[in-house]
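Below are the structure tokens for one structure; questions will follow.
Letters A, B and C name the chains as they come in the text, with residue numbers starting at 1 for each one.
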Amino acid sequence: MSSLIHARGLIKRFESFTAVDGIDVDVQAGEAFGFLGPNGAGKSSTMRMIGCVSPPTEGELRILGMDPLRDGPAIRARLGVCPQLDNLDVELTVRENLTTYARFFGIPRKVARARADELLDFVQLTERADSKVEPLSGGMKRRLTIARALVNEPDLVLLDEPTTGLDPQARHLVWERLFRLKQQGVTLVLTTHYMDEAEQLCDRLVVMDGGRIVAEGSPRALIEQYSTREVVELRFASEDQGSYADKLAGIADRIEVLPDRVLLYVSDGDDALAEVQRRSLSPASALVRRSSLEDVFLHLTGRTLVD
Amino acid sequence: MTHVFEYHLVNYRRTWRSSALSTLLLPLLTMVGFGLGVGGYVDGGIGGVPYLDWMVPGLIASTAVQAAIGESTWPVLSYFEWLKVYFAQAAAPLRVADILGGHLAFMMFRVLLSVTAFLLVAALFGTLHSVWALAVLPISVLAGLAVAAPVTAYSASVSSDSYLAILVRFAVLPMSLFSGVFFPLDSLPPVLRAVAWALPLSHGVDLSRTATLGLDAGWADLGQVLYLLLWCAAGWFLALRRFGRRLVV
Amino acid sequence: MLTLKLASVRAAGRRSSSVAARNVAALGSAYWLVMLGGFLEPVLYLFSIGVGVGELIGDITLPGGEVVGYAVFVAPAMLASSAMSGALSETTFNFFGKMKFMRLYDGMLATPIRPIEIALGELAWAMIRGNIYSAAFLVIMVAMDLTTPLRALAAFPATVLTGFAFGAAGMATATLIRSWQDFDLIGSAQFALFLFSGTFVPATAYPEVVRWVVEVSPLYRAVDLVRGVTTGTVGWVQVVDVVYLVVLMAGCLMVAGRRMNKLLCK
């Protein structure tokens, strides 16, 4: 059994509410694994169970071959955790955040200092080493949190929504750093509700909805399995986008009507668009794009990911 | 100014319950625990007056000053730094003097409230010797403002609440312990006695004591009133300047 | 098996001390002022009440019949109450802030550290601070001739125990607090303890019913213990005091560890 995370029938209940409803997951060493789903899908609860700070209600869970209930401290010694909300120590400087955190793992002071310098360089915060945490930008704080998660040279890094709340430029910087980690062979497990993030970073992912796994595979395999090659997005000037569904019948493999637009799932977008114009259904705007995980999710659950 | 006062009153309607406990219960406990308990061991009282009766007016003045300081420290800082209430008020057609005056008026309202309650309890314990005890109300407001005005100026000048903690620890606590509330000032060494008389609380204590014990008031008492007025005026101008600097940019 | 157990205790101790070390790293530059303030408070009370009011009272008779000056009577009580309030302020207010407001412990729990180790580490830190105050106060007591150097030395462990008991109690309380509003309640309760725990007058001065309420209150037991040592009147009652405080500490630590598990490891 070589998987770093092994879960069977994993359930987490809070009183009457079931956050995670019987999931099976296996994560192998060296892969980047993603939990994709909207808010409330049960991703964070799953991550907390994997991080050994939340006991499973039912089911089997092995992390690094150990039992989270019995061996919590031993497992956490080999994990790196980057939580959804930064919980950096605002009373300490940037460097102290790394060195004191290293001490929590029992890392000798000298090693801790050297590693802190290395990591500050890695997340491009060397110039801010002696600054307090408060004045840092959101992206810098997130990078520092990621550096902190790496301070014990973990076998497995857990990232909960690593780029939520960051501006586009800061996101790309974080992605680029995470991609480097992946290249170094670090096993990454991340949750996200951003399609582009999952497509960029994950070798394999599961789509979660309502505490269950609704699909599993590589981003490309999921798109191939659950969507078409291209998508045409049409916006009509009318209030009621749905009234156009009948008039578009037969053009696409599948049609999705959203409150503000109509999506046509097709193998060739330009052909489909030409057909729309032939039927003189003049949309206010039209866009042809490639299928994404967003479309997979829409197909699987009938809902969009980001509302 | 009345509009600002009204704003603070409306706010107070939501929070009075939690503050009622500390503003009334604590002095009451002090009176029973200390006045009665320790009083039992003070033979013959002070100058022929039972210790409890002697201490209560001092405790009332001290309570007034504590309430004034409570209202002029953290709330003022937070209205500038955290809640930005003053800036919101400055955006309305109010003068700086209205904003400051309204808040100080509310502080005095709080002072009056706790002193009135305390005075009633003190009467029940039979510690008031004269109807002149009613004069404690204006005296408390005077002593309260003499402290609240300069402390408001101080709170408006600092950026972090650790400076407020420093004020409380190094100025307010010593002042409450050495202003003749618990023992006569005469027993202090001359230098400390001079410091005590320079600070406003000791005059509030002395005036209150004269009132509740029904002692004869003389020119010296008038001097004390004037001295407290001086603190009020100086504090007001300092606070007004600080407020003006921060609100009118 | 035994060595395994020892190793795990050693690891737990190391992890707890890394929590305390974090607090040392977080000390601000103005910290010495705060320290000075914390030390000054009981000294001011000692001078105001012990010396100032003491002049009005003269001598006071201890339960055992010994007659001592009022300052000698009040000083150990100030010492015990300041050990209490020092321990409480660090463990209630700061602990709650770190847990809820700064989410500091969420970060710590992602490391090998366990909730009970955080509790022990925070407690150890509060104790370091409180014990510096206590030691300084004892020096002042000796300098003012309110106790002998030997008794002061013996009183130190008694204040350490007092600090630990109230530190644990504060931590257990912090895990039960709902919001900042509750601190008003804690403050009032603390002040009531300060006034009525045989601090300024012997418990026997109160009416019978009140007296027994006072006798079972934790601060009274601490005052009784410290006073017994500094006035050199130790008897069997002081053994009761020690047992009482140890039980209080153990019970509260258990509650704190359990509640933290519940709050942080949902």
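What we mean here is this: a contact is a pair of C-beta atoms (placed from the backbone, for glycine too) under 8 Å apart; a residue touches a chain by one contact, two chains touch by 3 or more.
It should be emphasised that the depicted structure is a prediction, and the values quoted were computed from it without experimental measurement.
Chain contacts in this assembly form an open path, with each chain touching only its neighbours along a single line. Seen from the C-alpha centroid of subunit C, the farthest chain centroid is that of A.
Averaging the CA coordinates per chain and comparing them to the mean over all protein CA atoms picks out C as nearest. Rounded to whole angstrom, the centroid-to-centroid distance between subunit A and subunit B, based on C-alpha atoms, equals 57 Å. Inter-chain centre distance (subunit B to subunit C, centres taken as mean C-alpha positions): 31 Å.
Taking each chain's centre as the average of its CA atoms, subunit A and subunit C sit 47 Å apart.
Contact of a single residue of subunit C with at least two other chains is seen at no position.
Shared interface positions of subunit A, defined as residues touching 2 or more other chains, are absent. Of all residues in subunit B, only 18-19, 21-22, 25-26, 29-30, 33-34, 37-38, 40-43, 46, 51, 162, 165-166, 169-170, 173-174, 177-178, 182-183, 187-188 touch subunit C in the complex they form.
Contact residues of subunit C toward subunit A in the complex are 11, 14-15, 18-19, 21-22, 25-26, 28, 102-104, 106-114, 264-266. The touching residues of subunit A, when paired with subunit C in their complex, are 14, 48, 51, 53-55, 72-74, 76-77, 79, 81, 83, 85, 87-92, 96, 99-101, 103-106, 148-149, 152. Contact residues of subunit C toward subunit B in the complex are 30, 33-34, 37-38, 40-41, 44-45, 47-49, 52-53, 55-58, 60, 70, 181, 184-185, 187-188, 191-192, 195-196, 200-201, 205-206.
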